[in-house]
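Below are two complexes that have subunit A in common, paired first with subunit B and then with subunit C.
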Partner chain A sequence: MKEVYIMNDKRWNHFFKKYRPHDAVAERPSAFTHKTNIIHPFWVMVSKEISDQVRSWRFIIMAALIALTCLGSLYAALAQFGKQSGSAEDAFFFLNLFTLSDGTLPPFTVFISFLGPLLGISLGFDAINSEQNRGTLSRLLSQPIYRDYVINSKFVADLIVISTLFVALGLLVLGSGLIALGIPPTADELSRLIFFILISIIYVAFWLNLSILFSVVFRQAATSALSGIAIWLFFSIFYSMIVDLLARAIAPKGMLTEGQAVQFQNFVLGLMRFNPGQLFSDATITLLMPSVRSLGALTMEQLEGALPTPLPIGQSLLMVWPQVTGLIAGSILLFGLGYYLFMRREIRPR
Partner chain B sequence: MAETIIELVNLTKKYRSFTAVDHIHLTVEKGEIFGLLGPNGAGKSTTILMMLGLTEPNEGQAKVCGIDPTRHPIEVKRRVGYLPEDIGFYDDRTGLENLVYTAMLNRISEAEATQKANALLKRVGLENVDGKKTGKYSKGMRQRLGLADVLIKNPQVIILDEPTSGIDPQGVRAFLDLIIELRNEHGLTVLFSSHNLHQVEQVCDRVGIFVQGKICAMGTITDLSRQLFGDADHNLEDIYNSFFDEGGVHHE
Partner chain C sequence: MASGQVILYTPYTTISVSPGDAIEYAVDVINKSDQVFNGDIRVIGIPRTWTYTLKGGGYTVSRIAVLPDDKKTLSLRVEVPFQVNKGAYTFRLSAGDSASLPLTVKVTEMGSSETEFTADQSNMQGNANATFTYRATLKNRTIDKQLYALMANAPRGWTVTFKADYNPVTSVELEPNTTKEITIEVKPPKEIKAGTYKIPVRAVTGSTSASMELEAVVTGNYEMSLTTPTGLLSTKITAGGKQKIGLTVRNTGSADLTDIEMKATAPSKWQVTFEPEKIDKLAPGNETTVYATIQADKKAIPGDYVVEMRASTPETTSQLSFRVMVKTPLIWGWVGVLVILAAIGGVVYLFRKFGRR
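Right after this comes the complex of A and B.
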């Protein structure tokens, strides 16, 4: 009996070897596997980081917080649906789930723009310095891996965690909406939702990279976390106040031509867009409210002849393209800086 | 014992104006247990880091297993196990998980890694605590787990930096015996850095004494005793002390 099993086992192994996609493509070492069941060290590190994150209390707390607010705003949105009668024939009815609010709770997008940074910061603030403080960094680096695997694997793992969380939340809202409303989203709405989730992930990745950078710069995890939170508070609370003050100070006096007023408005908006949160809300509003046709001020002249119809998704995407590019560029810049500092550092045992 | 496994030529490391390692020459042969001695800050750890390619030398060259660690650190790290002073583990994982992780980073499959890790845990006397998180380990247990961690990649050379600090006397004895056993079984080359002269004397074939970034004496203990005192009767402590005044100040 035993022998039969072994035989079978061998046959299965043979079968797997023969039909595994990696092995079919000659024997060159691919990024994923080297030999049949040897995982590339990079992916070993990524999977370890993912399990570290998912098991950690701070992730559980953050995920629970975001899930709760998500449910709260979903409830508020559904309550509002009930009051708005006869709007089911409207185009993009379904997207209201993410943007509608009954005034007691802010809509889902606002929650994400507020809590997303906190999630990013909490995932990354001790990425490098905790390894250093625990003395595991020098042990890790004396293994046959490249040094950048350490920082890259952490980034990739956190990105996977964030993506999974957001896709799950998005689908959760979608599903509950389906059940509650009984109307399926159109293809256009669905693609808008997918882009919304993608932009949310990029936005959180921006803050994640900021906190990874701080974790390289600061030896103490607490310093790194507080610096991240300080910047988050600055942008989410104080930045718009400062821009307001500045705008009031430099506002042109007396009578304005329409052109001047528009120019001034756009200048103030330009200042606001140094805030990543502003970029995110610009992008999500445009995507989730197809009726938004412009993110800046327009003159009457420009509006002349425009039909008040919602934009097709391609046009909406085109409109938020600068915002999305800005967010991606910012993330890359922060990650690059962290990467550079980490690679230049001498690693000593603690 | 003719095969040279570690060769340092003119190796120098400077931090701004401070020279941590000053033009040292050192060769270690296969199967040797070589002791690195010297006070804190004498450049032992920096030399070790340069051998692993974790720090770049300003001048000179290192060759470990015939490979230049500055150019090909990965190849060197595949062959060399390094146990740093006060090694760190992932505290929320068990000893077994920590070992398996290290093994998998060395491209060993998970099944094989688990098997090897269990065997090594047994070897270092930690087989009964493998369900315990390393955060709850005592200092001595951590050092023994560290040794297992170093051995799991089947190294040709192991570098131990202050491996016995914090272990009780019987533990030290067992630890040192294990090192000698491993050398005899597998022909491992061992670099042993320590402040404890007695321990170094017990295990090391040859020693090198570091003073302010230079190696001021190197050889077997009998050789050094003959060179310095004219007879073979002096122990390592006498030799070591002859390089330092009472106040610990070095005299040339």
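Right after this comes the complex of A and C.
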């Protein structure tokens, strides 16, 4: 027990030095003139969490993995550019960087939808339980701060880390694309890229919130990590198989009218959309391929008289708005649940 | 001298000709006596302006000798001048003292020394887009070579082209007593009203001129155009919503258009209504406004669609492709915002209830 305290003292030393409200007031000679110099305790906690995260090996490994796959798919996309007959006059030429693939490596978006959850889980799975196991939580809470600062600051710090990583990756692809292609993206393309990055952040935030919830629920960090990974595996590998099986079982027999077939297809798609990965890929495909006009099955009747033209960004966004809403609301819900459980928890010093 | 023994013979003694024609007589001089006939041969009583040549055996002859019981053939060529009065002219061909052959030439029409400019068919019909092609003949009936300037006095906007030997020309040169085929191509202006138009054409030299009047009967043509007042051929509609568009129907032809029907081809479950649906009458050059109301299908997916609109009469039709961009209604977007707000509200409630104790 003693050792633990020593170790924890080290860990929190910086924090305690930086923020001691009662000491701070005493140390301050001119409290009224230098008010702005005092950093709000919440942001102190956030900056500490950020520095903890970016120095941790798991984040470095995950970031390196994502950056490498990003570079790999970027290379594949650029190689594919030469083979494609499309010319620079094509609208949305630049967006192909994110969606083109030569078949050996999946495009960038697929990598994000696959590795993004892993990043989120790895950032959040030990958020609360490790503090508790180390016994630092009760010590931290003995400080004059609100209790929810702990969970909030962890969430905000992880969100900032994720956002920084994705914005950096997006700019990396943008910059390499500029060097390789020599054609600047149009305003429409740029705004689509920004929304793509935003949605990626929201998607990873969803998994982050899930793992923070698990870190509240499970006392053991390993259990929390494994449950997160189990859910990730379930959704990324098994869920579509299960939906396929289910669809085959309940598929209407005999001849179908076009309307019935479309209705059934849309029902199956509706089931698929319980998978956050499906929501994310729906959203990114629509944003990065402006020619996509519908995400469900369509009757011939609906296609009659339609021109194969790209949608304006507003319409693309409106089309994926339900998906984005689902992701945002889902992550807020998970966060709320984790928050509730954390706030109701009895925390005793060891 | 057995004067009765020499006979002059030709089969056609009375001939009808036009002024300017030439007559070839074959005259046999028959000697029925037992002596050689040798005597002068002359044309007597021919009008002074007329010219004639008398030939035998390739020579111009004035005296002829015929063996007994033999005959010689002479050819007499008489050229009737252009300037001659209508009527019958009789002259005699005499051989020696006794034989004489009266010949009568009937000039069937009044001769002139003028130029003739005529067309076989001076009246033609066609629509405003047609080219009227007249075949005319120019005759120089003067005794001099003439250089004719060809002119047309067409109404404004008409184009008249003279062609000789397939080449556009403005003047032609004609030897005396020759003719030339001249093609006159007449193009009416595009937006001409139906009716009969007269185009005087003339062939003029310093000394002589001829004119005629060509007639072009222009039938009305039927043309119409369907556009929008601004020329903008696209619009935006929210799925399930309506959009009213002003269309301009213009009669660009030259005849009245009646019973113009407005129709549209739109994607299924779309509705296009016109106000009015039918235009009773539209005079040439006039235009009228028709309002089309396009209603998109409630379930239309966002993006661009084509709506074809047509104004048609039995004679002509005009089509317009309208590009309609369908937008999805914003209501579901707001519902999504509400869902997110509710979730945030829940978290805020949690903050309030648990966070700040």
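Quick note on the criterion: the second predicted complex is superposed on the first by the 314 of 350 C-alpha atoms of A that agree within 3 Å, B and C clash if a C-alpha of one lies under 4 Å from a C-alpha of the other, contacts with A are read in each partner's own complex, and residues count from 1 in each chain.
Operating definition for what follows: a residue touches a chain if its C-beta (ideal position, glycine included) is under 8 Å from a C-beta of that chain, and two chains touch if they have at least 3 such contacts.
All values reported here derive from a predicted model rather than from experimental measurement.
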Open item on the list: I'd like to know which partner A:Met319 touches here: subunit B for first, subunit C for second, both or neither.
Closed with: second
TODO: Pick one for A:Pro41: touches subunit B only (first), subunit C only (second), both, or neither.
DONE: first
- [ ] Considering only the touch criterion stated at the top, classify A:Arg344 as touching first (subunit B), second (subunit C), both, or neither.
- [x] second
- [ ] Quick one: classify A:Arg293 as touching subunit B (first), subunit C (second), both or neither.
- [x] second
- [ ] Have a look at where A:Pro144 lands relative to subunit B and subunit C in the superposition and call it first, second, both or neither.
- [x] first
- [ ] Using the touch definition from the top, say if A:Gln302 reaches subunit B (first), subunit C (second), both or neither.
- [x] second
- [ ] Name the contact category of A:Ile332: first (subunit B only), second (subunit C only), both, or neither.
- [x] second
Open item on the list: Quick check on the output: what are the common subunit A residues between the subunit B footprint and the subunit C footprint?
Closed with: 146
TODO: Could you please specify the touching residues of subunit C with respect to subunit A in the complex?
DONE: 265-270, 297, 299-307, 323, 325, 327-328, 330, 332-333, 336-337, 339-340, 342-344, 346-347, 350-351, 354-357
Open item on the list: Quick check on the complex: what are the subunit A residues that touch subunit C?
Closed with: 146-148, 293-294, 298, 301-302, 304-307, 309, 311-312, 314-315, 318-319, 321-322, 324-325, 328-329, 332-333, 335-336, 339-340, 343-344
Open item on the list: Show me the residue ranges of subunit B that touch subunit A in the complex, using the header's touch definition.
Closed with: 45, 49, 52, 54-55, 74-75, 77-78, 80-82, 84-92, 101-102, 104-111, 149, 153, 161
Open item on the list: Per the contact definition, I'd like the list of subunit A residues that touch subunit B in the complex.
Closed with: 34-35, 37-41, 44-45, 48, 52, 55, 134-146, 346-350
